[in-house]
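Going by the order they are written in, the chains are A, B, C and D; count residues from 1 in each one.
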Amino acid sequence: MKSVSSRERIVLRAARELQDGFYVNLGIGMPTQVANHIPAGMNIVLESENGMLGIGPFPYEGEEDADLINAGKQTITELPGSSYFSSADSFGMIRGGHIDLTIMGAMEISQEGDLANWMIPGKLVKGMGGGMDLVVSARRVVMIMTHCDKKGNPKLLPQCTLPLTGKRCVHRVITEHAVFDFEDGKMILKERWPETSAEELRKITAAEYTEADSVVEMVI
Amino acid sequence: MNKVVATAAEALESAGLRDGMTIMAGGFGLCGIPENCIAAIRALGVRDLTIISNNCGVDDFGLGILLATRQIRKMVSSYVGENAEFERQFLAGELEVDLVPQGTLAERIRAGGAGIPAFYTPTGVGTVVAEGKEIRDFDGRMYVMERGLRADLSIVKADVGDHSGNCIYRKTARNFNPMMATAGETCIVEVERLVPTGQLDADQIHTPGIFVDYILEGSNYEKRIEQRTNRPAGSA
Amino acid sequence: MKSVSSRERIVLRAARELQDGFYVNLGIGMPTQVANHIPAGMNIVLESENGMLGIGPFPYEGEEDADLINAGKQTITELPGSSYFSSADSFGMIRGGHIDLTIMGAMEISQEGDLANWMIPGKLVKGMGGGMDLVVSARRVVMIMTHCDKKGNPKLLPQCTLPLTGKRCVHRVITEHAVFDFEDGKMILKERWPETSAEELRKITAAEYTEADSVVEMVI
Amino acid sequence: MNKVVATAAEALESAGLRDGMTIMAGGFGLCGIPENCIAAIRALGVRDLTIISNNCGVDDFGLGILLATRQIRKMVSSYVGENAEFERQFLAGELEVDLVPQGTLAERIRAGGAGIPAFYTPTGVGTVVAEGKEIRDFDGRMYVMERGLRADLSIVKADVGDHSGNCIYRKTARNFNPMMATAGETCIVEVERLVPTGQLDADQIHTPGIFVDYILEGSNYEKRIEQRTNRPAGSA
């Protein structure tokens, strides 16, 4: 087992969601790092909702192009086969179900698969950006997050306490301890990190969940 | 029938820029923003503007410079608050903010320009975004009705344009610009390079001149980068 | 006064509807001929609803391009400043009110400005094409037609007898005898051909209309 | 993940072509039609097809050749009947026809591909087109609700395409092709020229490869002209 941080573990596990030929949208922050772990030989096309397919690596110093950024406003590069389009066409693509997979960060997820990741009451509301569109329209919606918040409070809850981004929209959530799927409004444990016991997991998970017939070891 | 003007100020004056106007401004973050028009609006000093734009710039650049001068009354955006003055005015109740999911914002503008008064989208159902709006079942899935969006004026940034108003955008600087060009009662486009009519390939025009009332070659583009990210020299 | 046929008279009068800077859509048939009478020095951009702005003249023999046709499926050419776009973008342009003027042929027009021009009962219905979109969305909708049908029956009627293309959508109709405007559901005589008497006009016009304060001579 | 196939027949078989399918076919008149796919559908002999296409070809070319073989059960079009066999089958009740205004057809397909289940348009209000549909007032004007349209399969013709499925159309051969590429569960594109990925300018792609499942370089394009119109030699 590699010695990696919780966040690295989440990112590495998330990279295993990729499949050859997938068109993928990665959210800002931790999800963006999934791009660093695309298996060699696998053909993945990354979409940026500000109007691009085929995101390349960050540019070398001095080669930044102000006209070429991702949805996190970072400078990027293009690849052979890239294409550009308007925001309307971009979200037409997203809403039309053409994105195979989106991987995004989450703040809270309910046991029914509701998602909250855009607004913290008491803090300034900055806006939902393109997240609300992505989570209701990508063919597969995978959330990644640390299992608990900085104070140790569970983020997998019976119900979200924060304003929702989408209702029953999450297909899978990956944390450093486990992988859960949501099927017909039910939360099901699919994989557990070997160093986390079943009891421990129950303790840090406020949401109600059942275990799949064969819960497998979470592998990164 | 001459669409070409010398400066953004001339275009804005011809377009009847005035207090209380609703203005669509192209760009995503600081990428593809109409820098010359924004500077001219600041210089012309109109107030109580409603600005429809995906973001609101940063403290000292982009639409943020119209916050410093208190020219904006309301923002319609998907993501805001990358600057301190925005936060201050918003918390003080001096600035109204209407947050719209990015895809819904893009589609509302496209609809406004295309004569579609309303449409249904799955985005936002079950969230605060859908509150007070019609929710409707189509084939077993719930959708929310959203309205087309138009503006008195749109200010758009393209890479190249010709004297007839035909425009081509460059890379991700395209973003909201093409739809906004269609949805303003008047549309001003500023370009980095203005060429005579006939120089552009007719198959490659992103915004046909029919949408453009005034076009100008901008100057002194700063094209500031918000998040300069690099890979190490020598890496693949 | 030039010696021209009724149809030529209609086309010549219709050409006077053009204004410098207009973006214009001309219907199939007689309206297409209006393009031959654009005044020298006037800048008119012709739109074709199959996806083009800036229609040029017909090609010389041997220079036809199968990829370049107008909405009547005729071979055409492009001009400096032309642009191509999809049918969705084309009708977005039309529905969005960006076309300054459309000139189309009509079969029947009611005194309220209803239009029928796509379907003759008893004959095979071929379809409305783009006509229904154009007549409800162009900023100015001008119809041209012979005043009566081949049997001498009026085509300006109290009510259309044929299935409608659009309700109260016509702004102006031009025949070989007169020009009428429609304002708030009322039909108003604006111009009369000098050789057609006021009485004669009443006789061949089944629709009810009032005369404008100053009916002027129809000039071509 | 290889999208490139050798022939239209191979693409159609991979796409699971079968009786009763709903197929969108690009083109306006005979301009920009997927000639190779149409010929292959004829050769493969599937029946009871619903075809969504602006027109239905002529007696011996375009979609018309599928009428001769009685493979089409229903047409969804804005203008049809340029051929005798169409008229015969229609009058005999052997062929169903759903006539849709051209702009509404284009927008319904665009909506279908863009995840919009329904929208409002002014087109057709007060006519047979609006019968049985919801009519609604927005800001004092009446609109009719129209539904997004999708198909099991779309067959699209582009000028140039690359191995990733990125496509560029040429002149008015673009027409319905780009929207149809987005609205089929499976999309086949045939091109006149297929190039390796990386040969096309990313700013000039009309249909991004994400929409394309199979791409092939077509052969023997006839590109027939329906109305050959000329100006006299020596005229301006």
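Just so we're on the same page, a contact is a pair of C-beta atoms (placed from the backbone, for glycine too) under 8 Å apart; a residue touches a chain by one contact, two chains touch by 3 or more.
The model shown is predicted, which means the values in this text are computed figures rather than measured ones.
Seen from the Cα centre of subunit B, the chain whose own Cα centre is farthest off is C.
Computed from the mean C-alpha positions, the centre of subunit A lies at a distance of 36 Å from the centre of subunit D. Taking each chain's centre as the mean of its C-alpha atoms, subunit B lies 33 Å from subunit D. Put simply, the C-alpha centre of subunit A and that of subunit C have 55 angstrom between them.
Residue positions of subunit B with contacts to 2 or more other chains are 107, 110, 114-116, 121-122, 169-171, 174, 202-203.
Contact with two or more other chains is made by residues 78, 84-85, 91-92, 94-95, 137 of subunit A. Pairwise chain contacts in this structure: A-B, A-D, B-C, B-D, C-D. Here subunit B touches subunit A in the complex through residues 28-32, 54, 77-82, 87, 90-91, 97, 99, 101-107, 109-110, 121-129, 159, 169-179, 206, 223-231, 233, 235-236, going by the rule given at the top.
Subunit D meets subunit B in the complex at residues 107, 111, 114-122, 136, 138-139, 141, 143, 147, 168-171, 174, 202-204.
Remark: subunit C residues 48-52, 57-61, 64-76, 78, 84-88, 90-92, 94-95, 114, 124-133, 136-137, 163-168 touch subunit D in the complex. Here subunit A touches subunit D in the complex through residues 20-21, 23, 43, 45, 47, 53-54, 78, 80-85, 91-99, 137, going by the rule given at the top. For subunit B in complex with subunit C, the touching residues are 1, 110, 112-116, 162-164, 166, 182-183, 197-198, 202-203, 205, 208-211.
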